[in-house]
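Two complexes are shown next, each including chain A; its partner changes from chain B in the first to chain C in the second.
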Partner chain A sequence: MMASHTFLSLLLFYLYTLHLVRPIHCSVGSNGFDTTSIPKEEFSEELLLKPLPDHKVLAHFHFTSTSPPSSSNGKHHHLFPKSIAQLVKKYKIRELELSFTQGRWNYDRWGASDPLSTANAKPPGVELWALFDIPTKEEIDATWRNLTHSLSGLFCASINFLESSTSHSTPLWGFLPNDGDLRYGALPREAVCTENLTPWLKLLPCRDKAGIASLLDRPSIYRGHYHSQRLKLRSDRLNGIVIEQTLSVVLQPSDRTSWSLHQLFKKSLTGKCALAKSSKVFLEIEGNLGSQNENILELVGDADMVTNDQHDHSTIYQYNVERYSEHEALDIRVNWKNPLQVSFPQAPLHASRFLMGSGNERGSIAISLQSARNTTKGLYDGSNNCFTRVVIFQVVPWYVKVYYHTLRIYVDGEIRDTKDVVEKINVTPSEDKVSPGTLEMMLRFPCRTISAALTLDFDKGFLHIDEYPPDANQGFDIPSALVSFPDFISRRIYPDSIRSPLLQSYKGRNVVKSYTEVLLVPLTTPDFSMPYNVITFTCTVLALYFGSMVNVLRRRVGEEERLAKSKDKRRPGLIPLLISKISNKVRGIKEDSANQSQSSQPILGPKVVFKVVLIALIAVLGHYFLNAN
Partner chain B sequence: MPELRRYWPIAAAAVLFRLALVLFPGDLNLGSRPEVATPLSSLRRLAEGYWLKQSSLSPYAGSMYHGSPLLLPILGPLIANRIEGRPMYFYCSFLFVIVDFISAILIRATGQKLFISNQQNNKSLKLPGKINLVSNLAKENAGDVASLIYLWNPLTIVTCLGSCTTPIDNLMVILTIYGACSGVAPLAAFGYVMATHLSLYPAILIIPVILLLGHGPDAPPSKLFKRTIRPFSWKPIIYFVVWALIWTFHVLLLCSISLKGVGGLHEMFRKTYGFTLKVEDLSPNIGVLWYFFAEVFEFFRDFFLIVFHVNILFMLLPLAIRLKHRPCFLAFVYVAIVAMLKSYPSVGDSALYLGLLGLFASELADMQFSFFLFFGYIGVTLLSPVMHNLWIWRGTGNSNFYFATGLAYACLQTVLVVESVSSMLKHDRMLKRLVSA
Partner chain C sequence: MASEKSWSRNPMGLQLRGILSVFFSLSIVLPLSSPSPTMHNNNWAVLVCTSRFWFNYRHMANTLSLYRTVKRLGIPDERIILMLADDMACNARNNYPAQVFNNENHQLNLYGDNVEVDYRGYEVTVENFLRVLTGRHEASVPRSKRLLSDEGSHILLYMTGHGGNEFLKFQDTEELQSHDLADAVKQMKEKNRFKELLIMVDTCQAATLFSQLQSPGVVAIGSSMKGENSYSHHLDPDVGVSVVDRFTFYTLAFFERLDMYSNASLNSLFTSYDPTLLMSTAYYRMDLYERPLNTVPVTNFFGSVMKTIPTDSAYPGFLVARASEYTTTSAETETARAVLEGEADHSKTHSQSEKGLQNILDEWLKLLEGKFGEKDPDMLVAYGLGSMVLLLAISTWLSS
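For the complex of A and B:
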């Protein structure tokens, strides 16, 4: 056992040095190993470029690593990132997706129902969900907490804030159908930058030193209008662990009519990552250009393959990176002769979400669904009525206290009975400082619906001063809602001759979905500088109550009468009265007898004078001796 | 029995005035005022609880509803049925008008009981001639005055229309006092159990109720009588305890039936009493505790929670000792203290004790600071919404302004309670002087 390990690692080391010296096509185990029975770890890199209608360009980097299920290499990995493998093993993750996004995907212009946008358009900030292979709910929660901390360390992000029960939820079917083993959390305000990208790149075997990832010039990609970096992993007994790392950026070329790979990234692609099984660049043009492509665009750089998808929705140009080298870098240049007129595939309904109301006491959340121009299709039920089903999944933090009974649904401007429209609803109301509110709702609209809207009223919560973030007056973010259309599947089938994990993923039955905007809810703030004042004022009022009540209850009748009597008498001045009281105390004579004897005795007797002088003398002496020491 | 002339027309006018406001076409939106509806009593939250229950969830799921599960089947359907063009809680407002009227009638009846016992006591003390010197109000029936004060108090009207369950809570407290005053142990026990079930704080009324049942209604200090006219009788108290146990059993049974399968009684106690005692909701109200607990350091929170709640309990015994001969008045003082120190106070609580205050109009006739208190109440009720508006809606004010009105309000209530106790004690002293003279 030991010997075989040593041999294997030696072999790997040998191969690795070979790669460093001279990049050759790599194939593990060609030296006498039986490679047919042991599946290999594989890595492939791809880049898909897609011109968008508003003269922007979408660059979608797609890296796939797979690790076979059998642990033939023990705990060691050849290509596959060890940290991820450990994560999967330790937390028994079945599926996980983590995305960091800056900016918002423009569903109107950049497409909403093609596989690329349904899979890669993500809500702003961080979104994390995971499916676990763990039976009990408590264990899942504990594992989720550990997972958030691990990921937080792994990606240098505040994912650990998803640990608390106030920030993650357990959707049952609104997000992804599951048996209660899914956890979902989102941090809409998380800023995404290079410190998140670097650890993400570390998971790639060539990092950004070679291959397609070398195009990732930081200033270029962070200049984009949309930036989403994603990690998705699936693990099962049959296929082992598969991780998909994608980075989608929407860039604005400097020139409207022509752009090239080099212009976009300020870098050239000089060859593949030597460890990659395949390395390809695709250019996908929406719409079937067919023979007219000469009139619309001119491509500089010849593609290895041009093909259309099954339904002729798009044309794809394929470039194999391995053909290129430092001497002959791959550069794709697109010159537009005429603007692209094709409208991108839209979701059946365009979703947007906004807040209504003013003031810091209450408000309403509204989700509006507008019919897209080109879709009228839907499903037909038994009585041949056409309808469209819409699933809305929304998580609301606890300080936005939603009244679910105020749900109102408007279809084409008219209020509808919720029973007619809502097919299925699952509400988990928020609990103060414990859990967020989750709303999963399946709606059913007639196909001819032009617009639909739903509103929910809420009260704004009031927080303890420690619960406010440092920028309390900026407001609080409500994570994006997810609107999905379960009857609409986005898939695009390309010929099998193109072996590409990216295009394979296009074939998956992805439900068309879109994320809504993040909402910013301003909450009232207390005065943060006041805690001591508030404590003292409140306690003063309480003391006032307590003291005066005790005073009233304690007062006796006799006392009052005495007071009244003493009022009748000619009162001596304040100072003589005080002195007399003190002298009475000192002599230990009761007040009543003192009053009687007041007239006969002088106030300051010789005894008192003597005592006062004695005490003063002692004090002076004491002071003198203390100072002398 | 002397009656206030034109009592019924004035009472009817108050009811008609309420009905006119209920039928008022626009939505007055009083239910969203923090002064009127608290998290415990808001009908909007009750509607949410009802909705949750209808969707086969626990009504206490989430942190919306904190009221009694027994209110849900009564008020829930009334809320769910809406008429277009009418305010949200149209039917409930009607119900609350009736509830308010019943409360006023019960206050009046309590006043009559007090009046009769007062007359008897005066006779037995041979005071009827002398008492006229003290107060000319003594001849009038304080019950009528109190009842009308309750009906026409703007705070009561606002509470009645403000879509909150406080009128029901108040009715139960008044029912307790009435039942105990008239010596009907089952009624007193019912009111007591229900009031405690609905809002916990009336639990402290056990002391005045026992004194009322044992001694009978308010009387001058027993020392003044040459011989004790009514010895302390334990029989009605045992009745009361037995009935209280029966009612408690019934209430708990009904609650557990209504919460069967969705949380059970444990969750109910946690979400109602626990919510009250822990001051979990920090939304502004006319009290001072919300701001205190929003600002106080987390590690002192438990300490101050205990301090504030113990403050209510602390005064119970001293007051009971000094005022044991006047259990009705003792009940009023307790109610006022609770209104001042409870975790989610509303103007409805003030409406209750101000109504009860009218019962002692003749005894408290020479109360000090009454002018200051009267205008203090007016000032605070006018300023508080202004400050709230400036802070929450306009954003030009600051939370401290609103809190200041809350502080002023707490001070006013303190002065009112302390002064009323003080003048009641003075009144007793004066009686003693008159008897011994």
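For the complex of A and C:
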């Protein structure tokens, strides 16, 4: 009765669902227009190659994935990496950037004010910053903590070290203007290797199996002079989530006068990733070659399009990867006839940071700013009213105790009153074992400034014995400082005919900025072997002294001899006695004679024990089998 | 128990030890007579390289070689916890960036395109290691960094680095002591975090590291006895340092011949180490382990099994109505598999041409377990009393 009832209800339910579902199916199936108007997840892959003046080549991989704000499939994704979408949803991230970098971007030679270097040059190690959509500070801190752990699991790196309040900071305007919902942290000594690249590649729909990413041959990349792998995501209600994954590598071709794509990566590009909306390779030559093109270089491989950017800063050759296949792989070969004489656009001031002083007690940090040699005259009109603004942002760990009142600023070698130069300053002093010191400072230099320097004194702190890393003798790294020039915008406008997310992103107003070197501060390291040596030596001396004294005072030779004699007479223990008795019985020897032979023959022989155990076993087994029957 | 521990190597006095072991086994079998209910249904591996600095390249190569082996034999990445104390692959001193070799012929890049390092650099500490073993993490620690094993897990714990008498150095600053390890393992046992655990240690005086273990289901092997050093195998002139340790080298040589389906036993692995080649004596401790080693395939630890539950539909929602049916099917498959495994074990023991004394002992233990396992404890007490009476009778006869 029950069964038939449930069956009936199930049948009814089935019919009902059929009835409900059918019209929806029809509407989707018949109305193709609807499906196209819904924004879909998109993926595009691009590679930009750029010869650098010192015969190196910059390869910049750029992958973009977008996910519309309300996915039609609910929590499911078609192309977009699910792990990232979950991360954004769970931690309410508005913006996030994570970079893994090894090596240092050479601002002097490889450019400092073009969008490529401004946006992609990153400090060595790991840098992470995130903006959250969370109202209270406490919640943001808790979310940041969880975020670092999640990213650490996702990217096989020790990003979780950024969770502690001593390693991240909350800049207000020095890094990026925000309302206190930004968290910034850097790990300058984090190693970057294959294990970080692999999970990064797993976010791509084709991984490194097809398309441009298949060029990424690990030994070739990590042999490079600089590599920086970056993940940047933005999420808002309007556009959904957009992630940009970039990888910049500076490689040294084996031949100075000619190189090709295949030579650089030891792999060939045999077609696009089938899921990518667009797949393009660009070759950008800095400077307007114009008619001298043929005199300087020879290109092997037909470009699909050749254009210049709006201000003729560079020439772009575009190759569409979809035209190529396994039979005809894309290979771009560049043969230099004459060396490239163009110097790359420089930042208004070249920043470098170094340490002064010696010893394990104190020192000072200096940041020097040198005017670039070939600045364009237009920006420096020479009038007295012209000023250049410079923003410096640096985070210093608490064990380097910076005295911010000792700030001294030199302009063109002369010391200046800080009030004249500093326009805006925000200092968060460090708190021992709680938070790092953060310095955000906006300086205003006259345009004619050739060099400027600022110094800050510091004391070196002492760490607790547990806080020293295993290689403390190597010194402690202070993360790079960021120097940005808010009056200078790096942008390049390319013709609209190039539909490329990579080049479009250079249209934006990016402030020119550069990172300084990482500082290596030697701190007092404990020598644990010294107290150990002292203790052992002292103890040895004391033991020798007391031992001999006690010996002299207390020892009585006669008594010892008596003791030794009485020991000989002592009877053997209980078990040997028992065993000897048993053995005597078994052998049928009398007790007295056995005592005589005791010294010559050991009593506890394996044979005897074997016999005893055998008897016991036979007894147990006999008993058991009798009972069983 | 001292003689028990060292039973493995020395054939002299084996007889006596065999008899002693019967005595011990009588005492061991009784409390364990109720067989553990869970089957071996998953595998985990914890691979630890504890040494920092470039000249310890070989320790990382050791660990990565084992990593590659267990992956090849079927343990997936999410069930491997890999701890590497330093970065050798992208080290500035490495002439072969993003590559690590364990042989000077450079035929095999251990640091391939798909390495997942869970703990690296400064994260490799004694604290983190013990946290991984015991599962006591902070709430925010991601799954990839946790050992999520259960009472059906077989765990391989491989450690390499610099050690000494009853300790293993971590990063030149901390030590893991044999007591720490024993405590962690005991805690794991109590939390039902493993069914069986194989500890493999390649350090100097490795055997001392597991001398304090006392949890059942643990088998341990070390590269050297107390007072012995473990040596590296060979130096690669291109890399500039030694690239592999002897013990690991010969372990890998053993595994290179095997694939996922091979039936080589743990015993054949443990007896494959030649002291003259190792320049140290590989020592194994199996007094805590119940199964005879020659019936345990190495793939029980180095390979992987997966628990498969046949379901009618990919979505559990549709299964609610059939819940009872579903449980019976899974139980059936498990019992069927247990029978199959048992048969395999038997055929293996019979196919062995040479049966040592150990085999006979094992058979005897099985028999005893079979006989006594079903009886109630009162019967056993009765047997005990009977044998006591007999012994008493013998002793009175002797003393008369």
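Note that in this section the second predicted complex is superposed on the first by the 485 of 629 C-alpha atoms of A that agree within 3 Å, B and C clash if a C-alpha of one lies under 4 Å from a C-alpha of the other, contacts with A are read in each partner's own complex, and residues count from 1 in each chain.
The definition used in the following text is that contacts are C-beta pairs under 8 Å (C-beta built on N, C-alpha and C of every residue); 3 or more make two chains touch, one makes a residue touch a chain.
As the structure is a computational prediction, the values presented were derived from the model and not from experiment.
Undergrad: Mind working out whether A:Ile615 is in touch with chain B, chain C, both or neither, as first, second, both or neither?
TA: The second partner, chain C, only.
Undergrad: A:Phe354 contacts which: chain B (first), chain C (second), both, neither?
TA: neither
Undergrad: Look at A:Tyr624 in the shared chain and tell me whether it touches chain B only, chain C only, both, or neither; answer first, second, both or neither.
TA: A:Tyr624 contacts chain C only, not chain B.
Undergrad: Taking the superposition as given, does A:Phe537 touch the first partner, chain B, the second, chain C, both, or neither?
TA: first
Undergrad: Let me check the overlay on chain A: which residues of chain A are in contact with chain B and also with chain C?
TA: none
Undergrad: Which chain A residues qualify as touching chain B in the complex?
TA: Its residues touching chain B are 358-362, 398, 401, 403-405, 425, 427-434, 437, 459, 461-466, 524-527, 530-531, 533-535, 537-538, 541-542, 544-546, 548-550, 552-553, 555, 557, 560.
Undergrad: What residues of chain C sit close enough to touch chain A in their complex?
TA: Chain C residues touching chain A: 13, 15-16, 19, 22-23, 52-53, 85, 87, 89-91, 96-99, 111-118, 120-123, 138, 140-145, 171-173, 371, 383, 386-387, 390-391, 394, 398-399.
Undergrad: Once bound in the complex, which stretches of chain A touch chain C?
TA: Listed in rising order, the residues of chain A that touch chain C are 102, 145-146, 149-150, 152-154, 156-158, 160-161, 163, 190-195, 198-199, 208, 218-219, 221-223, 468-471, 581-582, 585, 606, 609-610, 613, 615-617, 619-620, 623-624.
Undergrad: Quick one: in the complex, what on chain B touches chain A?
TA: Against chain A, the touching part of chain B is residues 32, 44-45, 47-48, 50-52, 55, 57, 61-64, 280-284, 288-298, 307-308, 311, 314-315, 318-319, 322, 340-341, 391-393, 395, 398-400, 403, 407, 410-411, 414-415, 417-418, 421-422, 425, 429, 432.
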